[in-house]
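Two complexes follow with chain A in common, the first pairing it with chain B and the second with chain C.
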Partner chain A sequence: MIPEVSTTGLTPPRLEWRVATVARVHDETPRARTLVLDVPGWPGHRAGQHVDVRLVADDGYQAQRSYSIASAPESTSVALTVERLSDGEVSPYLCDALGVGDGVEIRGPIGGYFVWEVAQGGPLFLVAGGSGIVPLMAMLRHHAAALASVRAGIPVRLLYSARTVDDVIYREELAALAAMPEVRVSLALTRDAPRDWAGFRRRIDRAMLEEVGWPATEMPNAFVCGPTPLVESVATQLVELGHDPSRVRTERFGPTG
Partner chain B sequence: MQVEDMRLDGNAAAGTLREIFALDVTAALAQCACCGTVAPMGALLEYGHGMGVILRCSSCEAAVVRIARTPGWIRLDVSGIAFLSIPDSPASA
Partner chain C sequence: MTETPFIARGFHRRREQARPARLPPGQYETRDFPVLSAGPTPRISLADWTFTIMGVDGESTRWSWDELHALPRETPKVDIHCVTKWSKFDTTWEGVSVDTLLDAARANGFRDAPFVMAFSDGGYTTNLPLADVTGGKAWVVFGYDGAPLPAEHGGPARLLVPHLYFWKSAKWVRGLRLMPDDRPGFWEQLGYHDRGDPWREQRYQGDP
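Moving on, here comes the complex of A and B:
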């Protein structure tokens, strides 16, 4: 008897560059802009995945960067939130020059490690520094799009550090998400905070992780994203607090902070 | 700036890896040929530079994967992997 060929494995198509069109732009903060892209033939994505963006100059010079997807898998368009780095090659173009109707080359979705789906369950502990909030926002939006009965079984805690209150990306949406009974949002401002600020006024540290995170006995799925020094210190502290290293997933954004 | 600040996760090399492998391998489990540690490729430490990518073991820092681009060629050294287990659907990851 000839064994049947397995059809259970998904064979994704070859990763190809496509031209996406900017459908909308939205300034999130003075330094971060969301680009909502229409991508013909987009195969869908999972929360936490990223895309590569390629810019080609007239002389053929190419620059390529990775950007996390901010939109939920349930969304038909692809939203990227890009932080403008003053000495960057790609981000100033994406933040300042690209407008509605313009095309940009992307390929994706990419990555199968730093992803979360409702089926993976919780509790969920999300820790972000700066624009590291972007892939975690896709997870929060994915969570919010689930049935209330499903959400109730997946409590989420987000700890997000930013320099000032004006640097908090998705501030209003995070406040709305925090109104849901199963979502708790904690913000830490590291440089400057309003006088009536009720959140933390320091960098994320071990005491903060203990105070707002889940105890290791709850076996949360932890996702940590942001500048490399923040990610490494948080991941180390979570393991010191007893969390299983295989349940602490990290995405380092490099030295920018 | 410290070299430690420059490192990323293997996940950052996912696009380059998808140019080489037919499947996403960032969720694949790689056993380090040097120390035997098993970790997802996406959790390796990535050191990128102009010509390519080096993925190092997070336990012993041995080079697990080296990818270099030369004109017309992608050159791949995976001698640092003793064994690779690749999930063939997202649900197995």
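Moving on, here comes the complex of A and C:
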């Protein structure tokens, strides 16, 4: 029941590799770093899209990975938030070796289904696990950049699960977004929670989706992103709760090395 | 690639690939079996399941679950390559060659056509040249690694076209529609390549 996708019938130009320059870095958590990139000729993106990153060594060896874009389409730079995998090949380089002023090759934007634009309307139900928050953050930032009168017609609920409070990416910004009247943020900690933790202390389950999500009768646009077991169970439960499968869009990833 | 790549300062290979000749450009080997799909996993009862080949003149040939299983089976052992960069070696499947299905359709008077559109439960589609699903290169598979194919990996049955990027191996496949002209499927309309040869790194529209 994936809806028909409109197509212009035009062959798009090739996605070229571009050398981006690191403008800023920001450590989001002990394991996740945001790279803010200046990309010459960047054609713009939609919230939810990703880029390919290519690293070429001086002996010709190359590695490529895909990373979701965290920044809003309204941003002039492209922000990627990368989770560091200690046994990985690309993520340790991006998180530890790359510094401000360094260049890195990217091409994109890529992907046109797991995307949300203000024009698609709401309500929005965003469900994230771990670094699956990254493309959903682009949607939240896009929402926040809209006129207040537009935002008022698009209420958003985010349900985000992380292992511990220190693993919550964008924690301060999420708290600031939650102060807006049309944005509600619910956090679920799965491993360890502070004594005074007011959020959930368990994995996302059906009762939680019913409690903090929209009822199916509200016809929300749902976006679910995270590790495969989370996405499988949440998407299945949303359908069981009566949501139209064509309104449940998923992106599954484990962290990639 | 014709362009000169930018050398990433201080970047070096950290993983020794045991079989680099089997890795297409830009890919890395994984031992896991990652799952990627655009929406919820469809569930369908096997009593209602059919596989259909639709001809260019509107005719169709259809198999029930049991009828498909009565056809000669093959157990391909192949390498698979996902456009999200992972490759997995020596995966074993069980299913029916697409040649077998197309031969039956031809016996029913179907005209050949140069392209097919695979279609799936959930509305997914992907386009392929006929030449890429004939000649022993493609299967409709219902078994993986000696067991029934799990739903999250495309069960009850998926297409298997291992020499192309894995989005061409449509999960939850329900049939093939023969087409006189190439038309883009789901991901192809969203910017992915119409053919998707991993050895030529045909990831996105416009790639050579």
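The rule is simple: the second predicted complex is superposed on the first by the 241 of 257 C-alpha atoms of A that agree within 3 Å, B and C clash if a C-alpha of one lies under 4 Å from a C-alpha of the other, contacts with A are read in each partner's own complex, and residues count from 1 in each chain.
Here is the rule we go by: contacts are C-beta pairs under 8 Å (C-beta built on N, C-alpha and C of every residue); 3 or more make two chains touch, one makes a residue touch a chain.
From a predicted model like this one, the values you see are computed outputs, not experimental measurements.
In the superposition on chain A, A:Gly112 makes contact with both chain B and chain C.
After overlaying the two complexes on the shared chain, residue contacts for A:Val104 are found with chain C alone; chain B is out of touch. After superposition on the shared chain, chain A has more residues touched by C, the comparison being chain B against chain C.
Of the two partner chains, neither chain B nor chain C is touched by A:Ser149.
Of the two partner chains placed by the overlay, only chain C lies in contact with A:Thr236; chain B stays clear of it.
Once the two complexes are laid over each other on the shared chain, residue contacts for A:Ala63 go to chain C alone; chain B is not touched. By the touch criterion defined above, A:Arg46 reaches chain B but does not reach chain C. Of the two partner chains, both chain B and chain C are touched by A:Leu15.
Of the two partner chains placed by the overlay, neither chain B nor chain C lies in contact with A:Thr76. Comparing the two interfaces of chain A, the one with chain B and the one with chain C have residues 11-12, 14-15, 52, 66, 110-114, 228, 232, 249-250, 252-254 in common.
Residues 6, 8-12, 14-15, 46, 50, 52, 66, 107-108, 110-115, 117, 119, 227-229, 232, 249-255 of chain A are the ones touching chain B in the complex.
Considering their complex, residues 3, 5-15, 25-28, 32, 34-42, 84-86, 122-124, 152, 184, 186-187, 189-191, 203-208 of chain C touch chain A. By the touch criterion given at the top, residues 1, 4-12, 14-15, 18-19, 22-27, 40-43, 87-91, 93 of chain B touch chain A in their complex. Touching chain C in their complex are the following residues of chain A: 1-3, 5, 7, 11-17, 19, 52, 54-59, 61-66, 88-89, 92-93, 97, 102-105, 110-114, 228, 232, 235-236, 238-239, 245-246, 248-250, 252-254, 256-257.
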